[in-house]
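Below, each structure is written out as structure tokens.
In what comes next, subunit A is part of two complexes: it sits with subunit B in the first one and with subunit C in the second one.
Take a look at the complex of A and B:
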């Protein structure tokens, strides 16, 4: 028996230094890494959580924000079930780039991908982007919105759990349930849109 | 373990269950971090894989791959490496049952991620990266051979695999240092470093690519180079493309070139530096593709290069052209032309001719243009042509110069831009020079002996060639010498051209036409009113040098003696301005401009030729009777008829301009007058201009019939002829064309009706 019922792929994107890696570390390892270096290419983490007594496995792909890795990071968008777009609430430029990021997402990701906007580093004093501005932006672009602090573990768990629940809802509403035909991670070729959401048994 | 293997072998139907069990066990061990047990499970799986027969493996493999994935998902480096090692072993097992339901998405993603590992422990980092590369190699091996499995060539995979390999290839430097410093043992360096590993993986990948897949590999390479700003400098880019070109199945190599060229097109707005670098990479790999390119592909590549050249030329507002090309656009063009040359150099000769014709057909044709862009395009095309021509080695001239190609070349030889003409002359040099003489004949000289020249007897087909084309070639050369903007370089280049024609193509049969041309050039130097004094001196230097060369090359000793006598005379009278080197003499040291005996005189020349055994009698009339015959079909042909308009006293058929002064000392266009005009006396010029205009008008307004009537009624008239020549030279070339060409009669009629007109 596999030890999970659903498998979702989550990809984090956003400018360099907004705290993607820290968010992932906080979520998967429960810590805030001191002196976190810039990500090179793409990092991978896995975490299984329990929602409504069902095990959900999250494959988390943490991409590098640096421009030079853009071409490889984009190639990870496609198979994502959820994309977390992150900016730093203390840095206007990281917010200004959101439109560019959305354009990239439109171009490279699946159009049904769940998109969540995250304003990170709310523990900091020098906020530049008021909460409602982020909220508005998210609304306008049909995204979920959440503000987090990887440092103080604010909303981090919530962020991933929300995503997992929502994806689970989606998957279930599409008729996937625990007693759907047996499928393994390696034989989901037939119908990507449905089977990819879930890894049964 | 042996028991397990034996058990599995004896009851293969149990294998699936065994696999499932091992997976469950390993999963538990992983989550409990009991790594030793995980390793044992993995080991068991490995052995079973190797031991069991392929047919029975299928479901077992599913379990196996799930364990591998499980291990790869772990954040524990040692487990990731363990998984990879096992997977690599698995990838070398040939399965004979299709595994169409298997997917490698995760593996590609994860291995690519591992290739970028950034573990703070450098040793660990290196090991994980190496594992990533090996894993990718394993996936490639597992998938390329089997069409039913994952299509590894999909962009979604290639966009991960290719950058991961490249990333490891260009971070080699720093990493080798790390490895050395941290004293990593054989474990890491056992076979190789991550750089070579990544490189060999890339080689394997492109080597397995079929035609349709080439672009799938190249595209991400280009993206990566863009993203990492690796075009300037282009060391790594070049290295990459060389690797690709040498590893790809050779029949597809041009697809790489095409893709790179497309990339160049797409970057037409990038900085010239980037474009230059891309073009440079192109030039470094294009030769490899040339060997495999055929037919349309060749022309496509050439066309694409030419289009880029054109784009580059028209890119900037015309007003800027020539002012500051320091923005790198020029370097870019040079790089493109260089690429073109590299490409052409490696094509078979027959294709080079095709290419030259193709390029020539792309050269904008115009006599003069106000649009600097046109001119620029023309110049670029011709430079490209020159580049290709240097890579071509002529064997037979009729193969080198197909009619249409020759026609276009000759037409361009009379372009109004001196630089354009110069390039065309250089093209002619490279195409004519089969015996490596051009460099020795780059400047007109009278210090030359037969031993200086590499000679080979002119073949029959070459003789036929020059017979057939002498007229066209000589007329164009003559006309190009009439241009007032000729620099000394142009005239030297004409010398080289004539010298090469002489060496490569002349024989006793064909030498006469050539000598007529030389005499006409001398005449041009004497009678032309628009050329500068310096230009005329240069023409004299050209004439004496080339006629000496003719005598030497064709072994006409009496002619040689005569020419040497003239040279001696010029030296004796200190008429150094009539001798080479063309570029140095600029002052007249002799008593007069053209002292007695310094010109090549027709009677003496005729004698010398006769004595040399050249059969002049077969020709109608004296030697020079037809010295204009080769201009008949051109705008110059009417000169002959005007020659005879007046001055019945002058009956010397053999008179040359130099002898005129004896006959008509008072004529405006006597030698004295000419001398004055040579010295550019403004008063004379004005007076002349008026008369010229009148004559010109008359010429333009009189019908051909009338002209013929006038000319038949009159007798030879040298001075007027020279006058007319002057007039003609004043008139814009294009005017002449439009005014005269329409009333032209074909040459044979001319010759038969008015043979005497040509004897002046």
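Take a look at the complex of A and C:
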């Protein structure tokens, strides 16, 4: 067994150029990548963090915002424990698209998935979406809300740590999370019989 | 020793002191004499030291002389080195001068040579002269001309000639290249192509050359497209003709690169290969784009995608047939595979050119930013949608056409599970051919989602609908047997499916990395991990199935089997006891009933499910029997008779199942133990820590007292006295 107690999948979505990759890089590598090119397909990163002395492994899927990668992105919604929907606070169009993204999420994602709305690039001067507008939108759609700057590392750590703690909380209150490694009814690598798990009624 | 006079009190003491003083005096004299003897030696030594001091003074003088000398030499050395430097400078100027003279001579020669060569239409020679002229440092040339202001007519005219000749030559070569390329005179094209770099026209030459190559490619691409469009549907390549067409284009472009790259490296330099590739890619983009757009149009892919996700079942007939989609998907994945092959070929080009992969722009970046790549990524999206449709539609069909197999000896299984996993494997392995891990992962995700949403959901539905028991109302259920068979097959399917799911994800884990370049193992693993979701859902379905069996089959049966227990009585005398032990019709009937029922399922269930059923029946029988016992009166012999019954049952179940069942009877065995006591007070032994008996009760103290009260021969007083 690997050295972690919980395993969660976090999927980032949002228009091209809102800063998904930069947020992930900031969180996983502690840097703001200069000249970050558009993501092709979907990027995958892992980071293990510690919360209340428990190791939590986050598998982070950074999807491409460009329209032509939508089919790839869609396939990831279902397995996500948390979805981070991102827009750029200096770009009205990226905010306007949120409804389209929510429609996708409703269609494909598990309805119990933890959803977080993020307004990124707060370091920039030319804000177009006031904070309370984002906040309202998130509230109306039953999402958490956070504003970040990948560039200046504002709220980035907080974003992921909050998600991890909340998922951990959920998992614990559900008894043991159905997806945390130690509680999987089947470890796909062993070939124990189905009945090992069923006879102990 | 010395002391003041007052201390000498007696004469003796005074004499003694005097004697001592005398002795002192003698010793002092002796020492003085020795000193006097040594005096001359001391004087001598002082003399010699004084002499040595004078030599030291001369050494000091010498040293200061040496210092001055060193100082002088260093100054001298500095002078010399500055002179050498000056000399170097002068020598540099001389050689520069010589070079300028040489340049001037060359200039003269070039100027003359180019005119002669031009006159004779010897373009290579002329270009050679121009090349020499261009390689002369133009600014220095200008300075020379300035330096020789009074007599520069020669230079100026040579320069003028050369400038003119150069322009003329550039013009001529360009024009001739155009012409040659128009009439497709490949020999001349190559000839002029090689002249461009001599004239410093690398960019122009490369552009014109690639234009020409593009025109050549266009001819074959057009022919190819026509060929594709005209291929009859009856042709055996008809269903993959676009993939074939695209392959042809890629091969043509690749051939062109292969042939021309060495030429460019030799005549233009390796640094021009990337530029060449990016110019050529633009042509390749155009051909690819046209072909792919024609593909989308001819195969009506946009329309298909629209109808594919129409929800209404009413329109089911209008939905495309999964067989047709299968063919289409096959062709698209072939297109993706061919692009992948082409991309590999192109990406290797710049790595070879420099030995090491250059950091900045590579052929890969050229390709990644090309229009073709964009089209291919769009094609991947369409592939994924169609593949998903094919997979979901095929699974839907497999569910619809599900047939239950297994008669007589074989366990009931449904064809659906086999079919579904066959489909999933086929789709995932097909996506592997695209060469893209992202595509593969997306198909795996879609497969997991489909297994969960379609297969697991169907099994869950069947299993939670329940198993029709033999109750009164079920007698009127049409196809009762069919419903039961379906239920049992689903129960078996959950077990089979878990096995399939586990081995399939393991197979992907083993096979994919070897067959995919640059496979990011953790990325793949994270997707494959999701198969555990399918497994969890199957286990849940299996559990719910057993809950149904429990309530509609096992409980009512066990109730019916244990019913006759009430007709027996367990306050036996010796004769009755002997008779019961010899032949107990209740036990015989009970075992016969259980065995009959189990036999019905033995063949129909998978071994694991069957064992689980046996355990469930055992547990339920024990529970029901206990309930009946609790309503019966016993005496000692009756207790012993019950003990016999329980043992028979345990023996039977132990033989019926591969799994341990004894544990299910643990409570009943304890009940029987209590009923077998000789005296109620014997129970104290059980709770006495010194008795050596380790006994962990499954019964509560209240419960035990209740059991003791079943014994008609135990008195309430004794029962109350028992310590528990």
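Methods note: the second predicted complex is superposed on the first by the 176 of 201 C-alpha atoms of A that agree within 3 Å, B and C clash if a C-alpha of one lies under 4 Å from a C-alpha of the other, contacts with A are read in each partner's own complex, and residues count from 1 in each chain.
By our rule, a residue touches a chain if its C-beta (ideal position, glycine included) is under 8 Å from a C-beta of that chain, and two chains touch if they have at least 3 such contacts.
All values reported here derive from a predicted model rather than from experimental measurement.
By the touch criterion stated above, A:124 is placed in contact with neither subunit B nor subunit C. Of the two partner chains placed around the shared chain by superposition, subunit B is the only one that A:3 touches, whereas subunit C remains out of contact.
By the document's definition of touching, of the two partners only subunit B reaches A:39; subunit C does not. Contacts of A:151 after superposition: neither subunit B nor subunit C is touched.
By the touch criterion defined above, A:79 reaches both subunit B and subunit C. In the superposition on chain A, the residues of subunit A contacted by subunit B and by subunit C overlap at 40-42, 44, 46, 59, 68-72, 75-76, 78-79, 184-189. For subunit A in complex with subunit C, the touching residues are 9, 40-42, 44, 46, 59, 68-72, 75-76, 78-79, 178-179, 184-189, 191, 193-195, 197-199, 201. Partner subunit A is touched in their complex by these residues of subunit C: 368, 374, 377-378, 380-382, 384-385, 388, 436-439, 441-443, 445-446, 448-449, 452, 494-495, 498-499, 501-503, 505-506, 520, 522-523, 526-533, 535-536, 538-539, 542-543, 546, 608-609, 611-612, 615-616, 659. Residue ranges of subunit B in contact with subunit A, taken from their complex: 24, 27, 31, 62, 65-66, 69, 73-75, 100-103, 105-106, 109-110, 112-113, 115-118, 120, 155-156, 159-160, 163-164, 167, 220, 223-224, 226-229.
Interface residues of subunit A, counted against subunit B in their complex, comprise 1-3, 28-29, 37, 39-46, 59, 61, 64, 67-72, 74-76, 78-79, 184-189.
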